[in-house]
Structures are given as C-alpha cells and as structure tokens.
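Next come two complexes built around subunit A: one with subunit B, the other with subunit C.
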Partner chain A sequence: MKECEVVVLGGGPAGMAAAARAAGLGLNALLLDNRETLGGIPLQCVHPGFGVHYFGEDLTGTLFAYRLMEKVEKSGVETLLKAHVHSIEVEAYDEKLVNVITREGVLRLRTKAIIYATGARERTLFELGVPGGRPAGVFTAGEAQLLMDLYGVLPGKEIVIVGSGDVGLIMARRFALENAKVKAVVEIMPWPGGLMRNVVQCLMDFNIPLLLNHAVVGVVGRRRVEKVVVAKVDEELKPIEGTEFEIPCDTVVVAAGLRPNVDLLEKIGCSIDQATGGPIVNDLLETTIPGVFAAGNALVINDLVDYAAEQGERAAEGAKLFVENGGLQTTDWIPVSRGRNVRLAVPHYMCTERDATIYARVLRPEKNVFVEIPELQVRKYVAAVRPAEMLRLKLTREQLKQADGCDKITLTVVPRE
Partner chain B sequence: MKIVVIGAGIVGVSIARVLSMYDGLDVTVIEKQADVGWGASKANTSIIHPGHEENPREHPLRSKLCVEGNRMWRTWVKELDIPARWPGELMVFTSSEEEREARRYVELAKLNGVTGVRVVYDRELRNLEPWVNPAATGAVYAPTAGTISPFEAVIAIAENAVENGVKLLTETEARRIIVKGGVVEGVETNRGFVEADVVVNAAGIHADEVSHSAGVEEEFRIRPRKGEYLIYDEDASVKPARILHTVPTPLTKGVYALTTVHGNLLVGPTAEDLPYEAKEDVSTTDKGLKLLSREASKLLKELPPKSKVVRTFAGLRPEPPKGQWLIRAYTDPWGFLNVAGIRSPGFTAAPAIASYVVQLIAETYDIQLRRREKWNPYRVGPTRVNGVGLDAVDSIIRKNPDYGEILCYCRMVSKAEVLEAVERMKTIGVKPTLDGVKFRVYAGLGKCQGSFCRWRVAAVLSQATGVPLYKVAVGAEPYAFGDVKVLLKGDPSASEGV
Partner chain C sequence: MNETELVCIICPASCTLKVSTVGGEVKVEGASCSRGVEYARREAVNPVRHVMTVVKVKNGDLPTVSVITSRPVPKKCVSEVMKSTAELEVEAPVELGQVILDNVCGASLVATRRVKRLV
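On to the complex of A and B.
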C-alpha cells in the first residue's frame, strides 16, 4: 500500500497539467497512464492548432505534448507508466483505494483525492447504427491517425470519412497529404461539425467533397471494404429512400464524435450528465463523489486542448482545497441551468466564493447573439456561435456574488434584436 | 485408416474429437478459412436447446440428437473448460392465441422426453425473470436450456482434438472429392491432394457443393437464411436472467433475448431467405436491426438505449430442403458421408451428431472401433486477468510480468493473454490473425470495439510472428497497406520495411 494525497488518472494534456499543478501546490501527487509514454492523443497529432491559449504559441500536438511533459518533469511529480487502473474503491469521504496493474504486480494506492483525466473514446459504426458488412478497412479516426503518425503505416488508399468534426477534417487532409484519395467527407448535419478554418484548410484546399445532410447507410465488402452506400437525410436526420448512391473506396474512417471515458466513474457511482456524457461537477470540477475530480475530455469533449489543460489545473486546485480542508467547505451550490440554444454547460454547480469558468456548446449555429447569464447580469456579444466551437465564459467572484440567494443561474443565447 | 473431415465448424471439429477417441484412425480436418469456426458456428444465438421445439414426427433424428446433444454438452463444457451457463428458457406469450401456440411445445417436450417443461404464469414468471415485459401473461418454461460461448467451444474442441492426434489444415479448401472405381481416394484442395479412405462432408453452407463434387445428392441444395443480431455493451443494465423467446408464428421464427456468457445482452435472430448465390452475405440491414429492437421490446421490460449497441452481426443458416438434415453414409462412392444442411439446433446437437456419425462410419464401412487408452478428454482454457481477484492477478504477474501489461482496456486483456493465444493458435496450425486473437482473448469485444487496442495487439502479433505490422491479418485481409511515406509515391521496395 502506497499513500498519496492525489492520484491523477491519465497522462494526456488534462492529466499532465493537473499533476504538474498539484505538485506545484505542494500536494503529494502521483500521475498514472496505461501507455508507455505520457502525452495522450496529442502525441499522434502532427498538425498545428495546439497551445495558443495555454502556451501562447501555435504548436503541433506532438510539440504541445512534449512541452507539457517537460512541465511534468520540472514539477517533480512522480509518474507511473504502463499502469492500468483495475478499479477504484471509495472507502470513505477522504479515503479511496486505486488498484493498479503494472508489470511489477498489483499496486494499491491509498489517496485522499483523485483527478480523473482518462480522455474519451471514439464512437463506432455500430453505435451510429450503420448496417452492412464488417470487412477489413474500417478504422476510427484515432486508430488511423495513430497508425500513420506513430507507426508510419498507411491504413488505406481510397477513403471515405464519416463525420466532419475537426478530427474528420484533419484526417482528410492527413490522408490527402500522403497522396491517398479522400473520396468524400460525409456529414449528417446541415453544417460541418468542425471549425471553419479546418473546413477551408483541410477540405477546400484539397478539393475534398463535403456532403452535408448525408449519412453513410451501409458498408459493403466481402473481405476488404469495397464501397459505402450514402443517402440524403431529411430534417429528422432520417435517410430519405431513393436517394442512395454508392462511393467506391477501400477504407472507411469513422470520425463521428467522442464520448467521455467514464467507465470507472460509473462503477463508483458518479452521476453522469446525459448531455455531455461526462460526470456532473461543481466549479472545482469535483464529481458527485467528494474528492473525485474530472478534467479534459473525460469531463466534457473539448475542441481545444488548451481548455482540457486548463480544466486539469482547475481540478488540481480543487484537490488542494479538498486535501487541505478535509473536503470542500462550500455548502451553497447554485445549479447552472441551460437556457435557449444551449446544448450543454459545465460545470453543473457554481458557488459565489471564487472565480470560475463555464464551458458550453450551442444546439445550432446562430449569428449576432448575446451569450447571457441574466442572474449575474453577464452579457457578451458573439458574432456567431456554432456547435463545433465551445463557448468559454470566465466569471469573476464579484459577478458570481450576484447569484447569492438565487435558486439557479441560467446560461442562455439570445438574438441581438 | 485415413479419415478426412471437411469443415472446422462445430460439426466438423466434434466429429474429429469423437474420432480421436479410437485407435488406428488417422484424422485430418481441412478448413478453407484461416481459423476454425468462422462459419455458422461463430454467428448464432448460442443456445443449447432443450429439444422441446423439435417435432419428432417430422424430424425424428434431429429431435433425438438435439435432446442427446443437450445432455452431452454438460460433460463436454466441463472437460473442455468452455464458458457456458444453464439458465433455462422462457417462451413468453402475451395473449391466449399465443398461449395456445406456445402450449404445443409442452406436448412436444413430452414426446421428446424433455423433462421439466411447463407453463408458468404471473408471479412465478416474474420471479423467474424480473426483466420480462409486464404485458406477458405467462411463458413456457424449459429449465434445461443453456447458453454457450460458440466460438470458444469450436476452439476448445479443436485444441482437444489436435492434442489427441488430429491434424488440422487451415486455408485449405476442398475443391473436389476424388473417386475411383466407386471408391473415395481423397480430396483435391487448393493446396494439393489429400488422401483419404473416408471423407466426411461437414462443410456447412457449402456442403451441397462438396456433395455434388462427389457425385451424390445432385438435387440437394442448401439455401442461406440470414439471421441478424444486436449485441449490447456489458455495462448496459438490462440483463435477463433467463433465455427469453417470443412465440414462433408461421410468419416469424421468434426472437431471443439473453445474457451471453460474456455478460452482454444479445438480441436476435431475424430470419430472411437469401438467394442461393448469397452464401457469403453476412451484412446486417436497417430493416433487420429495427425488427430486432421491436421484437425485443415485446420480451423485455425495457431495452438499453441504442447507443449501448456495441456490435451488430449476421450469420447464415444452412437451410436444407424441408429443414431436413442430411446425415448419410454412401456405399457409392464407398467412403463418402454427408453431414449436411445442419441448421438449428445444429450447435446443440453437434456432440450427438458426432457420436452418431462415428457409429455410422463404423457400421457402414465395417470398422472395429477400439477406444484408445491414452485419449485425453481434458483441455484447459486460457488464463485471464479479468474476473479474477486482485491477489490472483498479482500472483500471475509475479510469475509472468506480461500479465501486468494491459492492452485492451474495455475487457482488461493483457499482453500475456495475447501471446498465449498466439501460441495456442500455432499449436493447432492456425495463423494468428487479429480476429482469431479477438475471439480467444476478447480484446476488442468491448465498447471501443478495438479502436484503442487493435494496433497494440497487432504490434504484439507482428513481434511474435515476424510479420510487419501492416501485414498482420484482420480476418482474411491485411490490417493496412504499407509504409506511409513511400507507398503512394512509387517506391514499392521500401514498403516492406515497416
């Protein structure tokens, strides 16, 4: 049995930032990851767009991960790699056991706090309900990216990408850069799922067709993928009969979104938000189990790595308060409610004692709007909101103070008129 | 005496195992796929049927072998360490019309000597099955029904047969039965001639073609009848305790909902007759999957959300004319047997079919069967990290640190397990593939469906077998194409270097 104050699960951006910060705050912390290296997903992202907020520099994913690794090293926090968390046992309010499988045997950690930063998993064709055969040549975007950029292996030559989120767009360009033919990016929604700049730089610049309002409704192939069947969808996103057509290809790359990896949180009984797929948390990112914090894509799917790292630091600050005071002392939690055109908002509970940040996504694109919290008299003009772009609202303690006595605060998006 | 069995499905490997009990028989199983059990034996409902759904007047042999098979499996799963459970089956009815139909099976049970089959109502039904739909008025309860891990059953039997001297040739397709002067000489395959005194045709859905090549049963045609399935994640809360079944009607065959031995809710199958040529079409369809959700919600109180579906798949029933199994030994050509058209409940009956066929061989060709003294009935399943206590995990890691390296997160599968699977595959003469490993160690059967572990498992296979990563096979095809930097830019020599 080994004693710690905080155990950080997951060595991606959120976990690395959390561990470094926890150590900086003087906590006895331990950082775990099941792979043989820290870095998480950014390690395999050779494109830029990482770190503008967090490091004030536009880095590739790989470089971003490297910078954070340096930070972890400097902080002196102990790290354990090739360590798989078998289970968590909550013994009491301030005592948890983390059981870890390593090559040396089973390691049992007794800790006061846990920061859960295990990232996300990718949705599969089965989850999307796409029928058809299951030949070789179907990959999730992450698996395809990893094969290309960590192993130098080309997964396919004629590609159809399912989903136009940033991951799908970037993979389209990635394949195009290696001379593979990207036949189409198929998107069920009427708008692209990723950032506008990625639509331009990854698709338009390479003449890759983007099929909006279309869905892949079948995968065909005996041994290897031979083609996909695509159909137009109606307003309810249901395929319209008679509009089917085929796209010959040898590979299907599924980039249809991520789901927070919450297996262990569910097992210990954390409450999960259906909208985010992640845990319900307060402003310090503590879940419904005291002393268990969550950050990064395990909390909510972020489109910017910077926010994931920021959440990691926030969780570390929460863990510090928790450890120091034998629990968070706040008693008045004010729920955050979702108003007009808000699909999700994190955290779910706020307090009036400190500054905080709200992360949110809209349901549909809209132009010329105010993002408001009427109870706090906060109102921010935004020229355009899109589901692909996370809204981030920093709130000061003074602003939050106005919620004293309110039974909730409401995040809402309203037209300027 | 040389015996060749064509097809390493459940029927073929069971026959091989029973043959291996006897002295003086030189048994070879030939299989066209890279692994055993990749036909109907992999994609089915996994039920060991009690035998109360077989009509002994129409199908006397099938009924007898089903009931016998159910009994034999209880020994076989123990000897061979095959995951199986015996929860019993409830054929659930919701109206008196359905009840009348369902009650026929109580009568069939009596005719077949299946014990314990009776009708249960309301409270008893809900006690037996808390997940049953409240609209259910009662059910026919058949306590002897079981569920098994079908792919592991085939693997276990194959391992045991090989241990007892059977030879397995994979990626070997029977093209023609060679007959001279009315006597079987052997089998022509894609890899050359295989000599045989007796050839047993257990080629599943292709058994009619094999039979025609031997010049018998020219009229006999096996048609594919597709069955589709939905399988839910193990963390979905809906886990029926029993095997639930809708009442079959002339229109639908009835759909099952059950918790597999691996802890997943399984719903299926559909029943769709395909054209004769579609013997490889195991694709799922939107229509089929929707029908399954509808039927399952008649059985269950609730169905998990669609997002909990971890996989959909389909299998092809080898449907013979009138559903009649064709088990016959021929004297012209001398030495040829058909064990063909073995549709449901073929899995259940397989051990009994095997014993019957071996007796048939002995009687028809006048062979004296002598039990071998050294026959080993046992096979031990692989070691697993998942599902054993922490102390046990710790102690196996201390013996072999590879158990401490987890490759598949969803199902908690270690590197040592993958390496053991590779060794076991090599031992029986099976080329290690990603699919083969998946079904042996469960890596990739969880909710991420391999997106986190497939490359890691592929890397271990690559290392263990010396095949470049991209060339590791998924099923029949390589995982990927080659070196990213050279492949599409025209330097083929460099693509080998990965």
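On to the complex of A and C.
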C-alpha cells in the first residue's frame, strides 16, 4: 500500500496541469496514465491553435503537450506510466483507495483526494443511430488522426465525414492535403459543430461541401465501405422521405462530438449532469463525492485545451484545500441555474468565498446579446454566441458575494434590444 | 473588378464580408468591426496559411515526425509545400525545432515532435 495526498488520473492536459499545480502547492501527488508517455490526445494534433490563453503562445498540439510535460518534470511530481486504473474505493470521507494494474502487478494507493482527468471518448455511428452494415472503412475522426499523424497511414481515398465537430474539420483538411478526396461533411444541425475558424480554413479553403440539415441514413458496403446514403432532415431532425441521395466513398469518418469518460465516477456514485455528460461539481470542481475532483474533458467537453489545463489547476487548488482542512469547509452552496438559451453550465454550485469561473454553452446561435447573471448584476455584451464556442465567465469574490442569501444564480443569454 | 465573399473568423459573430477590388483598391462591406475589415484586406491581398503535415522517419520509435512551416506561406503555395514533403525521409533521432526542409516558399519546415532512435 502506497500513501498519497492526491492521485491524478490521466496524463493529458488537464491531468498534467493538475499534477504540476498540486506539487507546486506542496501536496504529495502521484500522476497516473495508462499509456507509455504523458501528453494525452494533443500528441496526435499536429495543427496549431493550442496554448494561446495558457502559455500566451500559439502552439501545435504536440508542442503544447511537451510544454506541459516539462512543467510536470520541473514540479518534481511522481509519475507512473503504463498504469491502468481498475477501480476506486471510497473508504471514508478523506480516504480513498485507487487500485492500479501495472506491469509489476497490482498497486493499491491510499489517498485523501483524487483528481479525475481521464478525458473523453468519441461518439460512434451506433450512438448516432446510423443504420446499415459495418464494413471496413469506418473510423472516428480521432482514429483517423492517430493513423495519419502518428503512423503515417492514409485510411482511405474517398471520404465522407459524418458530423462537423472540430476534429472532423481538422481531419478534412489533412485528407485534402494528402490528396484524398473529401466528398462531403454531413451535419444534421442547421449550424456547424466546430469553430468557424475551422469551417473556413479546413473546408472552404479546399472547396469541401458542408451539407447542413443533412443526415447519413445508411452505410453501404460488403467488405469495404462503397457508399453512404444521405437525406435532408426536417425541423425535428428526422430524415425527409424522398430526399435521399448516394455519395460513393471508401471511407466514413465520424466526427460527431465527444462524451466525457465517467465510468469510474459513476461506479462510486457521483451524480452526472445529463447536459454535460460529466459529473456535477462545485466551484473547486469537486464532484458529489467529497475529495474527488474532475477536470478537462472528463468534466465538460472543452473546445480549447487551455480551458482543460486551467480546470486541472483549479482542481489541484481544491484538492489542496480539501487535504489541508480535512474537507472543504463551505456550507452554503448556491446552485447555478440555466436561463434562456443556455444548454449547459459548469460548475453547478458556487460559493461566495472566492473567485470562480463559469464555462457554458448556448443551445442555438444568436447575435447581439448580453450574457448575464442578474443576481450578481453581471452583464457582458457579446456580438454573437454559437453552440460550438464555449462561453467563459470569470467572476470575482466581490461579485459572487452579492448572491449571499439567494437560493440560486441564473446564467442567461438575452437579446440586447 | 474582382468580387469575393468571405466569412470572418476573427470572432464568433462570423460576419459575411463582401470584398471587391477595383484597380488596386480593396473595398470591404458587411464587417461589424475594424478587425473584420483588416482580416478581409489580408485575405484579399495576400492570404497566408501555416502548413502542417507529417514526414517519414527511418529507425524511429514512431514512423513519422510532425512538421509545421516556420512562418505562414502564401495560400497558393500550400500544395507546393505538400509536394516537397511527400518524398522526404529523415533519419531518427529528431529533436523539437529541427529544420527538416529549408527554404520552401520562403519558410522552412520544422519538427514539432520528438522521435527517438530505435537502437
């Protein structure tokens, strides 16, 4: 049995930032990852757009990962690789056991706090409810990225991308650059799932058609994908009969968004938010199990890696308070309620004792709006909001103090006029 | 006269910009701020892009190294950069920032991943 104060699960951006910060705060921390190297998913991201907020520099995913690895190394935090976390047991309020399978055998860790930073997984064709066969040639966008950008293997020559999430858009450009033909990107919603920047630089630059309000209603092929059947959808996102057409292709790439990895959290009884797919947390990112914190894409799907790293640091600060005081001392938690045009908001509970950050997404695009929290008299003008672009609202302790005595605070998006 | 339509990527408002060039003069319509006008001008006069791809590696712990142009190159040069990388093969080890190819369209290709040599 090995003793720790905090165990960080996952060596991606959120976990690395959390572990380095925890060590910096003087905690006896251990960082675990199941792969052979730290870095997580950014190691397979060769495009820039990483680190603008966190490092003040525009880096590729790979360079961002190396920067954070250096930070981890400098912090002196102990790291264990090729370590698969089998289960968590909650023994007491400030005592958890983490059972880890390593090359040397089973390792049991006794810890006061846990930071859960296990990232997300990609949604599959099954979750989208796409009928048809399952021939060879169906990949998720992340798999295609791994094949092309780590192993140098082109998954196919004629591609249809299902969904327009950012990874899919980035891969559309990579396919086009490698002379594969991207026949179409098919998006069921009336707006793209990814950032506008990616729609312009990954699709428009290469004249790749983006079919909004369309769904793939069938994958056809015996051994290998031969074609997909596409149809227009109505306002309820149901395919409209008679609008079907076929697109011949040899490869289908699914880029329909991510879901937080919360398996082990569910097993220990953490409450999950249906809107985010991640755990319900307070402003220090502590889940409903005391001393278990969550950060990064395991908490909520972020569009910027910078936010994942920031959440990791925040969780480490929470763990420090938890370990030092034998639990968080806050007793008055104020729920965050979702107002008009707000699809999700994290954290779910705030307190009046310290600064905090709210991450949120809207339901639908809207121009010329105020993002506001009436109870705090916070109101911010935004030229436009889009579901693909996360809203991030920093709140000071002074602002939060105005919620004293309120039974909730409401995040809401209202038209300016 | 040359007229094109662009989507602004400076902020989430995503304004549709109409850019027309008459003689040497660039006119931008539809932008709700000055940053949009500037973006449209740049895109109309000399659009540039970073190019990122992977290059084959011999005797490495991974078969490829990722690379990026040291500075953005003119958009029309993107395919030329890609062609120049297609036949390239470098020997491991590769260090971060190592120049993989010099002087292609006014930039160099720089390694963005570390590849260890397999002994």
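Descriptive notes on the structure:
To be clear about the criterion, the second predicted complex is superposed on the first by the 417 of 417 C-alpha atoms of A that agree within 3 Å, B and C clash if a C-alpha of one lies under 4 Å from a C-alpha of the other, contacts with A are read in each partner's own complex, and residues count from 1 in each chain.
Note that a contact is a pair of C-beta atoms (placed from the backbone, for glycine too) under 8 Å apart; a residue touches a chain by one contact, two chains touch by 3 or more.
Bear in mind that the values here come from a model prediction, so they are computed numbers and not experimental data.
Taken together in the superposed arrangement on subunit A, subunit B and subunit C fit without clashing.
By the document's definition of touching, both partners, subunit B and subunit C, reach A:Met148. By the touch criterion defined above, A:Val46 reaches subunit C but does not reach subunit B. Across the superposed structures, the minimum distance from subunit B to subunit C, using CA atoms, reads 5 Å. Residue overlap on subunit A between the subunit B contacts of one complex and the subunit C contacts of the other covers 148, 151-152, 178. Taken together, the subunit B residues at the contact with subunit A in this complex read 235, 280-286, 288-289, 306-307, 309-313, 385, 390-391, 393-394, 397-398, 401-402, 404-406, 409-410, 412, 414, 447-452, 454-455, 459, 469-470, 473-485, 487-489, 498. The part of subunit A that touches subunit C in the complex is made up of residues 43, 46-48, 60, 62-63, 66, 148-152, 174, 177-178, 196-197, 199-201, 204-205, 367, 382-386, 389. Against subunit B, the residues of subunit A that register as touching in their complex are 34, 82, 84, 86-87, 99, 101-106, 108, 121-122, 124, 126-127, 129, 131-137, 139-140, 142-143, 146-148, 151-157, 178-180, 217-220, 222-224, 263, 266.
Those residues of subunit C lying in contact with subunit A across their complex are 6-7, 9, 11-14, 32-33, 49-54, 56, 62-64, 66-68, 75, 78, 82, 96, 112-114.
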